[in-house]
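In structure tokens below, several structures.
Both of the next two complexes hold subunit A, though its partner changes from subunit B to subunit C.
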Partner chain A sequence: MKELQRQVSDRYKVSPYLVLFLISSIQIGVGVLGFQSNVVNIAGNDSWIAVILAGLLIHILIWIIYKILKYGNGDLITIHYDVFGKWLGGVFSFVWILYFIGIGVVVLRTFLQVVQVWMFSDINMFWVTSVYLILIYYLVSGGFRVVTGVAFLGIVIPSYLILSLIYTLEYTNFNHLLPVWNHSYRDILSASQTMTFSFIGFSALLIFYPYIKEPEKSKVWGHAGNLYSFILYLIIILITIAYFTEGHLVRHYWPTLTMWKTVEMPFVERFEYIGISSWGLIILPNVCLAFWAASRGIRQLFRFSQRKGLILILLLTLGANMFISSHDQLVTFNEYFSQIGFYLITCYLPFLLLMTYFRIGRKKKS
Partner chain B sequence: MKKALLILIIVLLSGCIDQRILDEVRLTTAVGYDPGENDQIKVTAVSPFFQADKSTINETFTVLTPLSKDAKHKFSMSNSKPFVSGKIEAIIINEELADNGVLTIVDGMIRDPSIGSRAYIATTKDEVSKLLQGQYSSQDNGMFISDTLDHNIISGSLPRTNLHLFFNDYYAKGKDPFIPDLSQDKNSIKISGVALLKEDQIVGHVNQDQLFTFKTLVQKKTENDTFLVDINDEDQALLFKISSHTDYDIQNLNNNPEVKVKVKMNLTIREYSESELNEKKIIEIETAAEEKFKEQATNLIQQFQELNVDPIGIGQMASAKSRQWNKEQWYDQYPDINFQIETNFKITETGVAE
Partner chain C sequence: MNYELNRSGDIMNFKKWFFKHHKEQNPKNNKAEVDDNLFDLLKQLRGSNDFKEVVIKDGIKKVKLFYFHSLVDRKILHRDIIPYIKKEQVNSVEDVREVVPSENIETTSDVNKIQNQILSGSCMVQVGENSQSVALMRAKINKNRNVSIPEVEFSVVGPKEAFVESLDTNLNLIRKRLPIPELRIEEMTVGKITKSKVAILSIEGITNEENVNTLRERLQSIEVDSIIDSSYIVQLISDNQNSPFPQLIDTERPDRVAAILTEGKVAFLVDGAPHAIIAPTTLVEFFSAFEDYFLNWITASFFRLVRLFGVFFSILVTPLYVAVLTYHYELIPKDLLGILVTSRREIPLPPILEAIFLELAIELLREAGARLPTKVGQTIGIVGGIVIGTASVEAGLTSNVLLIFVALAALASFTTPVYQIGNTIRLIRFPFLFSAHLWGLLGVSICFCFFMGHLLRLTSLGRPFLEPIYPPRVKDFKDAFIRLPWTFQSQRPVEVQAQDTMRFNKKKAKEKKEIDE
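Presenting the complex of A and B:
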């Protein structure tokens, strides 16, 4: 049995500016490959407004998270413990741990689905998942500093992919964006809700906060990280709307990949193969960070070693990946999960802020 | 120990995936669809057969099938190598078959991740299997057709077209697709014009000699094309288009739409049947070119209105300007819209001789 850990030794901590990579690397994942059709389905050519609204909402939520952490002075699990007590706090913590595991499962399974549909229809899901999980185990058991390193590489190395969009510009018609705002507020808001799913995962900040040196200074980097992925999503949705006509776009599950079909280079006939392979690196920090957060949560909540918690999570993921066997199941799972995730971050976080303020923050001030 | 395990994994797991080595598959470069007996479809696949002396022979395979995608399976049943569709460059559909709708045939293409967006979709009045059988060049016919269309789009009178643009136009509200129309010409394949589609059915054609005007109308910016103009019934001049810019101005959108077409063009004189050229003659040629263009454009637009097809995408432009735009209502109005064509042609060069 271990102790509830409130302080982290300095040698495990990372510099504040790395929060930029941590936040944006977990936000940029499989969502980029296919978020467009979900959003455009609801808000049509006004989808870019929905992306902006979702991005701004996340900025507010990041602000809320920093406030919670400032008052609570610890991570999500210790705050739950302090605010709600051992049992109720434990239940809330457990929900969040499941949520982090869910993020990892959704990301990994969706990515493998893409690989299966676009590249190798005959891959054996069990073995591919296992190979990935072994890699994830290797990285996550290396500790938070290693995960941060992966997040850094996961942003920097694949960043060249943005250049591939230049090829699609040949076929873009930005008139598709007009007329601006011909959808109802309701549609646009509901599209923003769908959009927040792509930004999901930044809440891992609730867990890794104690691992940041001078955490107060990391605020601006957290927001910068969100701004980076926000702008990336905005650019992609603008180009996608201009590239497809609306009716055509909603027929595709993964519009970004379809757009890559236009890329033509002398040495490669099909760019999707390069893109999808690179995506293997992009989703790595997503999954690693989510699983790191979950296993850290397990260590804090159940007080047994993080490594054992991690192995448990990986086995659970393997099972879940085998269980979700068709595209429809995956879509249903994604839908439920995005609903839960949405309410968890938009309703629960403000609630937690209030509770933390009244239970801990106010006392501290006086 | 850990390292040994890692090496073991790398060695054991690489190469687990089904490999597709180029020499061991039939690389399909074009597929053709003809009507067959008993409501079946006759599918023709073209694949290059590389000879030892580095030349390429065009090989074709034909099967009858009720479902277009099923053909791949049937092809493989009668061949020593599996067929792969990753390199399909051209999809050619017989016009008779296209009367039942093009989409039923190409729907599989949007689903298949291995088919590129830049593949061409074309139609022909001839029998596709015969068209694809000929040996027209040292290439296979898929590459041959794709190259022919390619260079005519870059520097010729064929407007931009491919599978992606076809689907874009098909699903667009207020725009109808068009695809190139091919025909067999003795020992070659020729672009004989463009087929106009309503929904996914061919309803009309634009001839080869109207393509110059057609391309200028449907594409906002064009370049590199030649235009033959008669002047006063005796002389002829061959003009080369350096660039053109077409703008549509839609007025009175809600009750009684009017469309102003503004075409700006820069041209050079390539050939002239008289030997001498002077300022006056140049202006004369400019006017003659403008008149011919106006006449052709008016005819084409009239044809579109009679067929109620909108390959230019006037409806799409209108929908970008109005929040109340409605597809059915627009197509009701479309045949009665008044088009005004304004041209501004300029001959900027006359070549290097006086």
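Presenting the complex of A and C:
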């Protein structure tokens, strides 16, 4: 039985500016490949407004998270423990741990679905999942510094893919954006709700906060990270709307991949193969960070070895990945999960902020 | 209950049959630690035929000289020692000291010391048959290879000195380049049998003491009986001994050692090894040749980039070929695909076998070339390369496109300036090859992630190995993929956490001349 750990040794901490990569790497994931069709389905050519709204909402939520962590002085698990006590706090923490595991499962499964549909229709799901899980075990067991390293390289190395968007510009027609605001508020808001699903991973900040050197300074970087991914999403949605006609777009499940088909180089014909393979590196920080957060949560909540917790999570993921066998099941799972995630971050986080303020923050001030 | 006990008893028996009981055994032959008297030592030494015992003076007090004739320079004996003893009256060991005009002389009765000295090339003078106190004089024969030109790290410009097997010569080569009192040389012995002398070099006030301490602790904790070469130590003190990547750089260039010492790193030399070991180091340092610093920064940077490209090319080109031709024909444009398909038209093997066949041929050639004497080796390379290559294409075993790729990849892997990393690159091609066969480009990507994770986890003397890439340190990029001019190099690398971070005054170095003044 271990102690609830409130302080982290300086050796394991990372510099505040790396929060930029941590936040944006977990936000840029498999969603980039296909978020457009869901959003455009609801808000049509006004989808970009929905993306902006969602991005701003996340900025507010990051602000809330920093407030919670400032008052609570610790990670999510210790705050739950201090605010709600052992049992109720434990239940809340458990929900969040499941939520982090869920993020990892959704991202990994969706990515493998893309691989199956676009590259290898007869790939053995069991083996490829196992290999990915071994890889993730190897990375996460290296500790938070290695996970941060993966986040950093997961942003930097695949950044060349942004250049591929230049090829699509030739076929765009930005008149598709007009007329602006021809959808109702309701539609746009509901589209932004869908959009937040792409951003949700940032809540891992609640767990890794104690691992940042001078965490107060990381505030700016956290917001910058969100800004980076938010702008990336915005550029992609603008190009997508301009590239496809509306009717055409909703028929595609992964519009980004379709757009890559226009990329032509003297020695590369189907660029999406390179894109998807590189995406294997992009989803890695998503899954690693989510599983790191979950296993760290397990270590703090149940007070047993993080390594064992991680193995447990990985086995669970393998089971879940095998269980979700068809595309429809995956879509349903994604939908449920995005609903839960949305309410967890938009309703629960403000509630937690209020509770933390009244139970801890106010006392501290006086 | 009983049954259980029996069963576990059986298992124990089983174990007894199959495994030896490993008790904590200390090696018995620790004759190094003789704490008996001089008589026993002499008795033991007389067992060797090259141990000589000469009576110089007979009389009431016999004066005897003991030495190993394989270790001692007889010129010194006959010129500097024996004549003086014969000429003068010698009644005690102290007299020997008076008589012989040499500063390398001491009297002692410590048997351990006597043993060590005699075995490292001193001669011993005993006055009187049963005297325990003796005089020891250094008369070591110096038979060393001459300092020659560096062959592994050859450079066209710059100094042409390379380390030799003698520690004293090597230290001289370094110290004459750094004539400052702050250069600190710490000696210790490692290995119970070989008693290899190891010297740690650092510069006081610049080198981070933490690095020196870590290195010293690791050297002291080495538990191996024989250290034949510095590479033994490198393997023993590396942070991760199960990694294909070398985590310490070895160099045969004294100028390079002097340069890295001024950067704030630590180095050590081992007696009997013509290499210095440098720590801490980073992955990018393995791809920088020392010649880069002799050339002007633009050309040097260009060559570095070429080398880096060579590394990636060498690792990835065959796996990509296998991946594309096994799974992703569609990836290649029509015109290019035509060439590839035509070249493979008559080949019965799948791409992976084709690639393994050629890669293996190249590996065999390299290995044969490395094991054979230089002249034969070259011939083997040419004969093997041309004949086997052409013949296998004509026989229809491999496609000529792949032959070009494999040959280029082999060529590219030779561009690495440090030998050790070249071996690593040779090796890590194969996991990439197999994963490419398994899952095409996705496999290559997964394999890349594994290596990336491995590199992220590696450390060198406790400092991150992938620096300055991760943790990202913009300052250290001045000397990573490109080498900026000297005026930009005013700061020591962040990696080494030097005590004094500034090398020189940046402003003064950058001062520009006013026009027409």
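Throughout what follows, the second predicted complex is superposed on the first by the 366 of 366 C-alpha atoms of A that agree within 3 Å, B and C clash if a C-alpha of one lies under 4 Å from a C-alpha of the other, contacts with A are read in each partner's own complex, and residues count from 1 in each chain.
By definition in this document, contacts are C-beta pairs under 8 Å (C-beta built on N, C-alpha and C of every residue); 3 or more make two chains touch, one makes a residue touch a chain.
Remember, predicted model here, so these are calculated numbers, not experimental data.
Legend: residue contacts after superposition of the two complexes on their common chain; A:Thr245 is shown touching subunit B, with no touch to subunit C.
Of the two partner chains, neither subunit B nor subunit C is touched by A:Ile60. Of the two partner chains placed around the shared chain by superposition, subunit C is the only one that A:Val146 touches, whereas subunit B remains out of contact. Look at A:Asp122: by the touch rule set out above, it reaches subunit B but stays clear of subunit C.
After overlaying the two complexes on the shared chain, residue contacts for A:Val131 are found with subunit B and with subunit C alike.
In the superposed model, A:Leu88 lies in contact with neither subunit B nor subunit C.
In the superposed model, A:Ser15 lies in contact with subunit C only, and not with subunit B. Of the two partner chains, both subunit B and subunit C are touched by A:Arg270.
Common to the subunit B-facing and subunit C-facing surfaces of subunit A are residues 120, 123, 131, 264, 269-270. By the touch criterion stated above, subunit C contacts subunit A in their complex at residues 327-328, 330-334, 336, 439-442, 444-446, 448-450, 452-454, 456-457, 466, 469-472. Residues 117-118, 120, 122-124, 127, 131, 134, 171, 175-176, 178-179, 182, 244-248, 251-252, 257-258, 261-262, 264, 269-270, 272 of subunit A are the ones that touch subunit B when the two sit in their complex. Every residue of subunit B that touches subunit A in the complex is listed here, in rising order: 9, 13, 16-18, 86-87, 110, 113-114, 116-118, 164-165, 167-173, 175, 316-317, 319-323. Across the complex, subunit A meets subunit C through its residues 14-15, 18, 115, 119-120, 123, 128, 131-132, 135, 138-139, 142, 146, 149-150, 152-153, 264, 266-270, 273-274, 276-278, 280-281, 284.
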